[in-house]
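The following blocks contain the structures, represented as structure tokens.
Look for chain A in each of the two complexes below; its partner is chain B in the first and chain C in the second.
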Partner chain A sequence: MKKISLKINLILTIAFLIGIYFFLSNVNILGDYWSRIVTLVAIYSIMAVSYTLVNGITGIFSLGQAGFIAIGAYTSALLTLSIQQKEMSFFIQPLIWPLNSIQIGFLPATIIGGLVAAFFAFLIGYPSLRLTGDYFAIATLAFAEIIRILIQNLYGVTNGTLGLKGINPYTNVWWAWSWLLVTVIVIGSLKYSSYGRALRAISEDPVAAKVMGIDVFRHQMMAFVISGFFAGVSGALYAHWITTLDPRPTSLGVMLTFYVLIMIVIGGLGSITGAILGAIFFAFVSQWLRIFESNITIFGFTIPGVPGMSMLILSVLFIIVMIFWRRGLMGKEELNWQKIYNFFKKVEVQNE
Partner chain B sequence: MSENVLKIDGMTVRFGGLTAVDSFSMYINKGELIGLIGPNGAGKTTVFNAITGIYKPQSGRIFFKGIDITGQSPQLINQIGIARTFQNIRLFSDMSVIENVMVGQHSYFTNGKALKFLHKHNSEYPKPSWKPWLVSAILKMPSYLKAEKAMKDKAFELLKRMGLQKYADYKALSLPYGQQRKVEIARALATNPSLLILDEPAAGMNPHESEELLETVKEIMKEFSLTILLIEHDMKFVMNLCERIYVLDYGRLISHGSPYEVQNDKKVIEAYLGDEVYA
Partner chain C sequence: MDIGLNALIQNIFNSLSLGGLYALIAVGYTMVYGILRLINFAHGDIFMMGTYFAFYAITAFFLPWYLGFLMAILITGLLGFSIEKIAYRPLRNAPRISSLITAIGMSFFLESFAVVVFGGIPKSFNVYPKFFSDIILIGQSRIPLLTFITIGVTFFLFLVLWWILYKTKIGLAMRAISVDIPATSLMGANVNNIISTTFVLGSAFAAVAGILWAMKYPQVQPYMGFTPGLKAFIAAVIGGIGSIQGAIVGGFLLGFLEIMIVGFFPSLAGYRDVFAYIVLVVILMFRPTGIFKIYSEQKV
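Let's look at the complex of A and B:
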């Protein structure tokens, strides 16, 4: 099969980015609902790409992603809410100083949200990265749950179960997709560097990596903190997309971690493009499956809608994907033009 | 300062009630090629694991170039100059051969701790200077790209040295067993060691291959001015190659000397063949 040269690769990539640009600038044609979904796709993609850095590339099984997303969401939302809105929302217990008297722009709030999440990633990573395998997964799962329960009970900071309302809907298509571009560039550049090689070595054989002079703990911590930062950013974008936050398990709790886990497993653990494909798959399929939750009439028979039916069907789909693509759609590889070319060539050969 | 590259003083390693290595002592001078032999389960690999920091000895001291390295982490021990291969090959199977070798060079970016350790014990070593390598790696800055290119060139050079250049882009696991062993040696050499520890380098090789490896080991030893410590079951290999041999049995040192002395030591024959030889 023909090999695609670097030049053509570059041209195709630029053309692809321009194509995305035109798609995004004309996304309004799809209507308000679908353009919101296109934004959500980017937010999910940031969650998935940052998660795959830890779970896929570094090979440590974390279940704490939702905790970092929640921290980023709450931090940024508390920073961008107007002072009047804060006074209105916090009627059980007033918001503590200095949060009650500041309001900053969206971009700095997003970055601060990411940094606070990264700081918490450091705090939780320091003790729990000494654990391995399932123990680490359980420790991070517990951590995410602790974060959620803290949010639920710290009325003076998070407004507890009443949640935050009236968050400015700053997140549009451009914010979300620009942050996705930054995420992909940073994590992609990290994956294809000496550090990325070290992370992949750690995921395959930590003992051999140690003996080759790699400080396993520090590298895992680095991946965990960078992942935490982008998880926080995605949380900030999510908060300003959905405009209300509350600490239910189904919104910013353990369910969210599992959603993101589904995305990266479908896409292929360790693949950045795979994570994005998984996020697209998840965002669209979970929207389409909503029809099963309302009443459906087929040939005069009415099937009553069952709440939660879409999740049931999604899990069946998930199992099917796992049967046919055992390592996810992409495995550990990245999608590139060569692969697409080879794929179409193969289809062409089969048709002849 | 002593001339010893490695010196072990009464090292004991216990696993629960089992004493795997019992007050073991040895020394290796610069430029020597030393063999460590013994029947199965004698504790040879445990000695290697203790030297490279994977196990922490319960008592005794390990000195590398006169610096106490007992209880230090494996990565630090590697970065100050001890590299090893494994008995059961431990390559990074999903990565290409050249990537495997380049992993060995990664500590170039992250050896601050090791340099600090060396400087603390011996002020002849330069003081480390901190560079933001991670940031320049992500932003792909010129200084990083230059280092990366130098790494790739050196990795390719090492593969060429081991006769593996045509396999550079193959997945490590797709190579035949003997070649995988060579990749492991190349990967260990990539970490710039002054002491190379080989754990059964000729295991699973046919006589022709092991002969070839014997030559290669001799050559790289000269070329990289290495000191080598190896475990091997192939007696022809050990007797031809090693200047001195240590013999372990049940975790105890039972004999030590030149190949000729060891071969004729009654204790060694007993350990290998039992205490009475039926002809």
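Let's look at the complex of A and C:
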């Protein structure tokens, strides 16, 4: 089959980006609800792409993503909340000193949220990365739970179970999609750099990689910290999208890790475009399945809505994907113009 | 007797009953891990389903409590059997991480299922006979009868488990496949049946633990299985995952640790769940094989 030249590739990519730009700048035509969903798609995509860097590309299986997202969310929210709002929220125990008298902009708060999450990723990765396989998964899960319980109990910093309210809704389509672009560029170029090749070697066979002279620990740590950074950024965006935060297990706890896991498994573990497709799928399907949770009337019969139905259907889908279709939508491959071209060529040949 | 001693006696009994419950759940984890090298993530949710089965057997089908509990244990065993057959068996030869992901999916499924079918709102588990909450005085410490029942049932079940493992043919087969699956199947044992039996046994134990747990903290809700499940897994790791004695010892150690730390430092009560996780991390750092079993390093 014909190979697409670099020039055409570049033109198509730029055209695609311009297309996305026009779509995003006109998204408010679809209404407030849909522009919020489009924003959420980008936030989910950042979570999924940063998660797939660890779980797919590096091939170590972490269950701690929600912890980093929560750290990013809380850090940035505490930095952007107005001083009056903080005084109002923290009525059980006042907020500790430096945080109670500062308010900074959204961009620096997001970056600081990411950096704090990356720092925690380093702290957690340092002991955990010596473990392998399912032990690593359980250790990171335990660390994520420790983070959640700390958030729940440190009333002077996080307002504990009361949570944070009245966070400024800064996150809009542009913030979310620009950060997604940054995430994809960083993690994409990492995947195809020499570091990325080393990471893939490690995911295939850590012992063989070590024999080839790859410093397994350092590479895994780097991937883990970068993933933590973008998880923190996605948490910051999420906090300013949803505007209230609380440390229940079903909101910023292990449930969130499950959701992101569903996205990357459906998209294909190890694929960046797959992770984004998985995130789009998850965002739309979980919204669409909401119809099962409200009453439906067909020909005068009312079928009562069942709360939780959407997650039940998604979990069944998830298990089916794992049993019958383990490579997901993309496997470890990326979607590129060559693939799309080949696909249409194949369809054409079949039609003739 | 002074108050300190009373509190100590009370704490000891509490630790024994909590530890026993952790041990009962941990046994299910460790048996499955010992054979399939799979962390059965859904085990905590099987525990949760057991309590719901007991709740509905008694409230919806009007069974007397002992029959209701028995039915719940049997149905939970059946549930464990089906989960293995539907979700884990097709992946037995897949990479281990795939089975782990499927197990996480299964856990997620059971939780969503419970939310949809049983409702997300916590229900009060007041279906057990009232005399269970009678208070028994030891010296001057007041201990509910339920604590003694929990400890008694736990030890009885460990005896049953010991009998099954060391005195019956299926127990011999279970011990054999935990060492080497292909060799055992060459000896003419039916591997699928043995693995199914393991799941049934582990799930039934989880159901017993679930019923005792629901009586102790009289409430059932769809996410109740997560934390006890994770802690029981930690108990299994402390004892050396794959080893049944290890799971029992680990369960009691964890129970004592939690109750005693909160007993001596009440201000740390909010952080109660953190201790188990810290212990897990420390154990994994310094002695990942736990107290009992020693798995060899991976060879190339």
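One rule holds in what follows: the second predicted complex is superposed on the first by the 345 of 352 C-alpha atoms of A that agree within 3 Å, B and C clash if a C-alpha of one lies under 4 Å from a C-alpha of the other, contacts with A are read in each partner's own complex, and residues count from 1 in each chain.
As a working rule, a contact is a pair of C-beta atoms (placed from the backbone, for glycine too) under 8 Å apart; a residue touches a chain by one contact, two chains touch by 3 or more.
Worth saying up front: this structure is predicted, and the values here are computed from it rather than measured.
Clash-free side-by-side placement of chain B and chain C is the outcome of superposition onto chain A.
Within the superposed three-chain model, A:Val265 lies in touch with chain C and out of touch with chain B [touch as defined at top]. Across the overlaid complexes, the C-alpha centre of chain A sees chain B and chain C at an angle of 80°, to the nearest 10. In the superposed model, A:Phe143 makes contact with chain C only, not with chain B.
More residues of chain A lie in contact with C than with the other chain of the pair chain B and chain C. Of the two partner chains, neither chain B nor chain C is touched by A:Lys165. Once chain A of one complex is fitted onto chain A of the other, the partner contacts of A:Lys339 are absent, as it touches neither chain B nor chain C. Applying the stated contact rule after C-alpha superposition, one finds that A:Met212 touches chain B and leaves chain C untouched.
Applying the stated contact rule after C-alpha superposition, one finds that A:Ala198 touches chain B and leaves chain C untouched. Aligning both complexes on chain A leaves chain B and chain C separated at their closest CA atoms by 9 Å. Residues 207 of chain A lie at the contact with chain B in one complex and at the contact with chain C in the other. Residue ranges of chain A in contact with chain C, taken from their complex: 61, 63, 127-128, 130-135, 137-139, 141-143, 145-146, 149-150, 152-153, 207, 249-250, 254, 258, 261-262, 265, 306-309, 311-312, 314-316, 318-319, 322-323, 326. Contact residues on chain B toward chain A in their complex (touch as defined above): 52-54, 73-75, 78-79, 83-84, 86, 90-95, 99, 102-107, 109-111, 113-114, 134, 137-140, 144, 147-148, 151, 187-188, 191.
By the touch criterion stated above, chain A contacts chain B in their complex at residues 186, 189-190, 193-195, 197-198, 200-201, 204-205, 207-216, 218, 222, 332.
Residue ranges of chain C in contact with chain A, taken from their complex: 39, 87, 90-91, 94, 96-98, 100-102, 104-106, 108-109, 112-113, 115-116, 120, 223, 226, 230, 233-234, 237, 270-271, 273-274, 277-278, 280-281, 284-285, 288, 298, 300.
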